[in-house]
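Below is a structure I'd like to ask you about.
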Amino acid sequence: MAVKNNLKLIFSYLKLNLKKEAQYKTSFILKIVMMVLNNAFFILQWLIIFSIVENIGGYGLNELLLLWALSAGSYGVAHLFFNNAFSIGYLIYEGKLDVYLTQPKNLLINICCSSCSVSAIGDIIYAFVVLIITGAPWWWYLAIIPILIIGALIYVGMVIIFQSLCFYIKNGSALANMIESAITMFGTYPPAIFSGVAKFLLYTIIPVGFMIFIPAQYLFLGFNIWYMLMFLGFAILVVSLAFVCFKFGLKRYTSGSLFAGRL
Amino acid sequence: MKAIEVKNLCKDFKTKVKYSGAEFWKHLFKKKEVNTKHAVNNISFDVEEGEILAFIGPNGAGKSTTIKMLTGILYPTSGEINVLGFNPSKQRVKLSYQIGTVFGQKEQLWVHLSAYDNFMFFGSIYDIPKKELTERINELAKVFEITEFINQPVKSLSLGQRMKCEMVASLIHNPKMLFFDEPTIGLDPIAKETLRNLIKKINKEFGTTILFTSHDVGDIEELCKRVIIINDGQIVLDDSMKNLKYHYLNKKIVQANLKTKVKLDKKVGIKVLKQKDTMYKIEVDMNITSMDELMKLFNADDLQDITISSTPLEDIIKDIYRGNTQTHD
Amino acid sequence: MTKYLNIFKTSIKQEKDTVLDALMRAVSFFIIIFIFVQLWSFIYGEGGTQSVINGYNLKQMIWYLIITELVFITPRPNMILRSISDEIKSGSIAYKLNRPYNFYFYNITTFMGKSCFLLMFMLPCALVMGFCFVGSVSTFNFYQILPNIVSILLSILLILVLHSILGLLCFWIEDATPFAWILQKFLMLFGLFFPLEFFPKWLQPFVAYSPIYSIYSGPAKLVANFSWELFLQVFASQVVWIIVLLALGVLIYNLGKRRVNVNGG
C-alpha cells in the first residue's frame, strides 16, 4: 500500500514536471536530442583508442558502449525521477524544505521527485540506442530496465547521504557534488584499468563498481546470480542509509530561521 | 475543545563563533565557542477550536519559528506541543492531513502551471479521490472568486491573485486548522482587504481554526478576537483584542487651536505633549479622567478648531515591544 | 591600456572569494588525470615508458593530457558566453555602451583575469600531479618554463575570444549555447583527448591549421617535447589566430551594437 502510494506520487510528479517542460516544445526536444548526440560523440574517442589497442581488459568497443549505456541510462533515470535529490544540500541551507514538511508524504521521496531534468530523457534514450548499435539480444532490452533503476537508486542514495552533510556544515554540498561528478566520470571507463585504492573507492563511496561495472560484467557479459544479489543488496544498503542519514540530520533543520534571526 | 496546547516551548539555534584575521589563529586550536540564540524561550499558550488568533512581533521575535514548530517543520529544543491531538515532530504526516499552511514569502505553487493543475496535484498529494477533488476545487473557486483565472499559468497572475490561489491550495484537503505566516505581506490595500475578508469567511463557513502571524496592525484589528505579542522569543502579551483596546487604547490625543495663548492648569491624566503658539497637542488618559475635564480647562469661546484621535494601535504595539507597559495600571 | 590592466586586477581580487570553487575544480582535475593515467598506462601496457605510440611515450602522453586538461578546466568559457549573451538579451548592454571602455574588451579582460587567478592555483596542481604520476619528461629544461607559460596563457585567451564571439551572436540569435556545445565537442576530440599524430593522415592538416591546434595540441606538445622551433611555430599560430578572431569579434560587436541603437529607438 505504502509502495503503491509512493509510486503514485513519483509518477504524478513526473507528469506535472513534463507538463511544465513541454510548454516550450522546441527547447524540450532540443535538450533531449543534444544529450543523445553528446553521449554519441564519445564513441569517436573510443574509436581512436581502439585503433591503438584491440581491447582493454576484455573490453572492446561493444562492451565499452554497454558501459556507456548503463552509465548514461542510470544517470538519466536518476535525473528524470529524482532530480531534486541533487540540490537537497542547497534546499537545506536555504531553508526550502518547509513546503515538503507540511505535506503528508514521505519527505525524502517528496523532495527528490519534485523536479526533473529533461535532458535525462536523452540519456535514457541513448542507453537503448547503444543496444541497437551493438546488436544486443532482445532480452537485454528488458533486463536493462530494472538494472538502470537499481543503478539510479544507488547513485541517488549516495548523493543524498553526502548532501545530508549540509544539515551540519555550510559547504556540505561541495563534497556531494564532487562524489556526483566522480561517479559520472569513472562510470565510462573500462573497469580493468583501476586497481588498488581506486578500486576500493569505486566499490565504496564512488559506487560506480556496483552501479555499472558489476551489472555490465556479470549480468550482461556472463550472468552470475551472486553478483546480482550483491548488486541488489548494495542498492538496498545505500538507499536505507540515505533515509537514515537524512532523517537524522532533519532534526537540525533550521528552515532559514537561523539566518533570518541574524538580520 | 483545545485546538492547540503549547507548554514551555523552547527553540535554540546554535552558531559557532567565527574569528577573522589574527583572532582566527589565536582561536584555531581552542574549542570553538558556541553562540546560543534562544529564538523561542519558554512560551505556553492555548488556542480554542474555531478561534482566529494572531501572532505579532518584530522581525526575529520568534513568531515564524513558533509556527514552524507547530506545523512540524522544526524540531523543538524542549517543551510540549499538541496540535489537534498530535505531536507535530513525531506525527508530522498524520498532522499534515489536518492542517493547511501558507507562507507568504515562500510559494508552494508551481508558477509555470495553471492554478487548476496545481490544485489537482495538491489534491493527489493529500490522496483525495478525483470526483471529490473537482467538487472541492469548484466550491473553493466560487468562494475565492478565482474562476476566471483558474486556468492561467500562475506566473501570469498578480500577487493578490496568487495569494488567493495559495490559500485555495492550502484548503484543498479541508483542514481543521490553518497556519498563515505573513499572508498579506507585499499586497496593496485593496488586495489586503479582500484577503482579510476571505480569512474571515473561511473561519465562518468552514469553522476552521486560524493562527497567523503578521506585521500589519490592520490584519489584527480586523480579524482576531485574541492577540499574542511575542518579543525576543517570549510572550509579552496574551490578551483579547477587547482588553488590548481597553488597556492600551485608553488614551486620546486632542489637538486644539485656540484664539489666544492660555496657561493650562495641571490636572491628573492630562498631559501637554506639544505647544506651539496657539496650537496644543494634549494627551488625555480616559481611564483616569474624561474629555469634559479637559474642556473645563479652556474657555469654550477660545476654541478655533479641535480634533480628537486615538493613539494608533501600531504605536501601542511598538510601546509593548519596547517593554513600555506602565500604562497597564 | 592601463584601463584594461585595472579591470584585470580588480577581477583577480574578486576571484579570491571563490577558493572553494577552485578547490572543487582541482579535485575534478585530479580525478580526470587519474583516470587518464590509469587508462593510458593500461594501453601502453607492460612496456611502460619504453613503448612509443605515434611518437609519444607514456610520460609525454600524460604530460600532454595534463596540459590540455589544464587549459580546458581553467578558463570556464561558458561563463564569458553567458555573461555576454545575458547582457545582450536583457538589454542591459545599452547602459554599458556609453561607458568609457569597450564592452567587448571589458568582458575578455575580466574573464582573462579570473582565468589567471585560477591558473595560479591550477598550474601548481598540474605540476604536482605530473611529477607524482609520471615524473618529468626526459627532454625537460628549465628555460622552457617561460615559453610554456606564455603559450598556455595565449591558448586560454584564444578559448575566451572564441567563446566571446559566440556570445556576440546573441545580437541575432536567441541562444548561442548549442553552438558552444558543438565547438567544445570539437575542441575535446581534436585537441583535449589526443595529440595531432593520433588522427588519420588525411585529417591531420585540417586539425593542424585550425585554432584547435593552437589551443590544445600546441601548448601541450611544447611541454611534452620542447623545442624552440616548435615554440615559434605554435606562438606564431596562436598570435595569428588571436588577431584574426579578435578582429572578427570587434567586427561582429560593431555590427551588433547598431542593432541595440535601433532597438533603443
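Worth pointing out:
Per-chain numbering from 1; labels A, B and C assigned in written order.
Assume a residue touches a chain if its C-beta (ideal position, glycine included) is under 8 Å from a C-beta of that chain, and two chains touch if they have at least 3 such contacts.
Owing to the predicted nature of the structure, the values given are computational and were not obtained by experimental measurement.
The chains in contact with chain B and with chain C alike are A.
Taking the mean of all protein C-alpha atoms as the reference point, the chain centroid lying nearest to it belongs to A. By number of C-beta pairs in contact, the leading pair of chains is A-B.
With centres defined by CA atoms alone, the chain at the far end from chain C is B. Annotation: 56 Å between the Cα-based centres of chain B and chain C.
Taking each chain's centre as the mean of its C-alpha atoms, chain A lies 44 Å from chain B.
Taking the mean of the C-alpha atoms as each chain's centre, chain A and chain C sit 30 Å apart.
Against chain C, in their complex, chain A makes its touches with residues 30, 34, 38, 41, 44-45, 48-49, 52-53, 56-57, 171, 174, 177-178, 181-182, 185-186, 189-190, 192-194, 198. Contact residues of chain A toward chain B in the complex are 5, 8-9, 12, 16, 19-20, 23, 96-99, 101-105, 110, 250-255, 257-258, 260-261, 263. Taken in their complex, chain C has these residues touching chain A: 20, 23-24, 27-28, 31-32, 34-35, 38-39, 41-43, 45, 53-54, 178, 181, 185, 188-189, 193-194, 198-199.
Residues of chain B that touch chain A in their complex: 13, 15, 37, 39, 59-60, 64-65, 68, 71-75, 92-94, 96-97, 99, 101, 103, 106, 108, 110, 112-113, 117, 121, 124-127.
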